[in-house]
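The first chain written gets the first letter, and so on, giving A, B and C; residue counts start at 1 in each chain.
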Amino acid sequence: MSVLSSRSDRRKRTAPASGLTTPMIEIDRVSQTFQTSSRKDHLALSDISLRVEDGAFVSILGPSGCGKSTLLYIVGGFVNPSQGTARTKGRPITGPGPDRGPVFQEFALFPWKSVLGNVMYGPRQQGVKPAEAEAQSRVLIEMVGLKGFEDFYPKELSGGMKQRVALARTLAYHPEVLLMDEPFGALDAHTRTRLQNDLLNIWERDRKTVLFVTHSVDEAVFLSDKVVMMTQSPGRIREIVDIDLPRPRRRTELLLDPRYQKYVVDIERMFDDTGEAEVLP
Amino acid sequence: MISGRALVSRAAPLLTCLGLFVIWQVGSLALKNDSVPTALEALRAVPTIMGDKESLINILASLRRMAIGFGVAVLLSIPLGLLMGRNRFVASFFNPLLMVIYPVPKAALMPIIMLWIGVGDLSKTLVIFLGVSLPVIYHSFEGAKAVEEKMLWSGAAMGLSAAERMVRIVLPAALPEILTGCRTGLVLALITMVTSEMIARQSGAGNILFNALDMGQYDTVFAMIIVIGAMGICFDALFEMLRARLVKWSEPQFDMPLSFS
Amino acid sequence: MTARAVTADIVLGLVPLALLVALWQGLVSFGYAPTTLLPPPGIVFMRLAQQLSTPTFQQEIAATLFRLFAGFSIAVVLGVGIGLAAAASPPVNTIVRPAVRVLAPLPKVALYPALLLLLGFGHESKIVLVAADALFPILLSTYYGASTVEQKLIWSALAAGTSPRKVLFKVVLPAAAPSILTGCRIGLVISCIVVFLAEMITSTDGLGHVLVAAARTFQAVDMFVPLITISLLGLVLNGLLQALRAYLLRGFPEV
């Protein structure tokens, strides 16, 4: 059993399942209302319905404040929807769980634990014996490119390294779904592109389902099979764009590929059309 | 109209006081200990104390000492703290000295100070002064240290001299922290006042307390406890109101855990 | 900070202490203060050294330390426990908050006579007083640390399979550790002060009592000795706590 496969792994390492089976994630008419400090209700999400198939890499793309992170948190079970239901593999989502592993923009590493301690956390919670948990974790740490840093503390790492640890930590408990909340948003452009490449490489091995929240159009197109475009306040799904580009994707090739460029331009145009440019002329 | 919830939260401290008295009442009745009067008995003794001329003089004298000690301490400590915060040499000079003095209970210096300058008001006021100085210096120091360099540069560019920058930029910017220190100082002032009187046994509220203890007037003992306790709560509440007014522009402060604000 | 800067700081810091001792010596040598009131530093420190090797004095120290630790430990256990509970559970919170707001500004030393009546003049009354005084800073620091734990840390742990109950101990408590330890430091200083004062007010043993006894017999030297001792004790204990803190918080960014 490889480090990446889950314990109850019945998934084949081939193309994602067809739409006739139960989708990995199903969001059904979900709305989310928040109470703001001025006591008015803020409708963050409005009537979102979405199906995500197993093994799909799906981006949720939209400007700041469109509720895309909220949607992710609902799938993660951290937030309960005001209306509607979210399901995973047919079962309603009632709370967080190791089947849906988050990776946050702020890294959220445990500062009192070393890199190794952080990565081992999940397996230990699942009852894996310390020696085996450590061995598995070391393999994962090497896979994300941090071999040699096992005993470092998060405060001694750069942003990019911290995010690698965060990814390794989540992968360590074998989630079926990866929930990534603008994971590279806090990093500089150079680190970001490196991590995008590394993420795809890691993902290729196992093809987990990924929900990836971002506000960057080219990031969404580069990484995903589908881009879910969201409007702002209240957040609604505007359009779902299928990205039909071959895998494995290499950034340097893709940047020059006219199909990639067309996707990016089309999506940006669609955002522009709705007057959602950030800066008015 | 205030909502029901807000009403409850405003009344909560009052309810707690009532609750404490109830617990006391029940507890003392259950204990049947002659030396522990019931809450009601103690409460009844409070007006007696407040009405007794001599006790009142004593208590007011205590408060006067506390006020003077506190006032002088604040006046001297804030400038020192601010200077320490902005000048590394001054800080390095005073820091170890203060660190050595800090754990010494100032009220414990009472016997020595009494030996030197007698048992009058001065010794107690001096001790209160010492007790209040330290937290105020420390917090003024921390507050001044944390003032953003860029604010001072802007001030200098505007033509402010070093002294002006200190008074017009550092002082207001550090004010939230300074006031936290003053709040601690106030608490310590009250405690030092009471303790020094318990040790010196000359006059004052603490003295009344222990005199009553010696003479077996347990009602008075507990009544004085109520009086001193009420003083503590009142001062703190008043100070908090003042503080909120003075620094309503600031972020919520929390590094000296004194109480829920 | 370079090594040179640090040593320069230390040297600079020792200057006022040295000056103080010099001033002290000066006052005595030049006759500004009679030796009965202000004994020369040399004599005081010699007496201190002498006392420290005397079993009776050591017993006094032991009594003070015992009460200090007992009271402090109770304060830590109760403070951390209640603080965590109040941060984690809304019902506990509604009870604890107003109680703390009322009890915290009370000068607990005013309760000392009541404690004497209830618990007698021995160890117990002092231990309870120490605990009562040290409790609140620890409780408040714990509450603050626990209630400001980064939400995403808790979510990460929940997603990894930790039950909500265990999250309190596996995430909230460690994440609140810096705040808790700051509160403990304040609590420790308060414990030193309170135990000494309580012993001064009424006691038959302990460092505070030593001072009062010396005052009664006008033995100035013997009055300085316990003061300096408690000061040193405070410094040592503080140093130990800081070392413990540095070790426990080695992973945290701002120690």
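Heads up, the rule we're going with is that a contact is a pair of C-beta atoms (placed from the backbone, for glycine too) under 8 Å apart; a residue touches a chain by one contact, two chains touch by 3 or more.
Nothing here was measured: the structure is a model prediction, and the numbers come from that model.
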Separation of subunit A from subunit C in touching-chain steps, minimised, is 1
The chain whose C-alpha centroid lies farthest from that of subunit B is chain A
Using C-alpha atoms only, the most centrally placed chain is C
Whole-Å distance, C-alpha centre of subunit A to that of subunit C, is 48
For the pair subunit A and subunit B, the C-alpha centroid-to-centroid distance in angstrom is 53
Taking each chain's centre as the mean of its CA atoms, subunit B sits from subunit C at a distance in Å of 18
Within the complex, subunit B is touched by subunit C residues 8-9, 12-17, 20, 37-38, 94, 97-107, 109-114, 116-118, 136-141, 144, 182-183, 186, 189, 192-194, 196-197, 200-201, 208, 211-212, 214-215, 218, 220, 223-224, 227, 230-231, 233-235, 238
So, in the complex, the side of subunit B touching subunit C is made of residues 12-13, 15-17, 20, 33, 35-36, 89, 92-97, 99-105, 107-109, 111-112, 114-116, 187, 190-191, 194-195, 198-199, 209-210, 212-213, 218, 221-222, 224-225, 228-229, 232-233, 235-237, 254-260
Subunit A contacts subunit C in the complex at 73, 76-78, 95-98, 100-102, 104, 106, 108, 110-114, 121-122, 125-126, 153-155, 169-170, 173, 175
The residues of subunit C that touch subunit A in their complex are 150, 152-153, 155-162, 171, 174-175, 177, 248-253
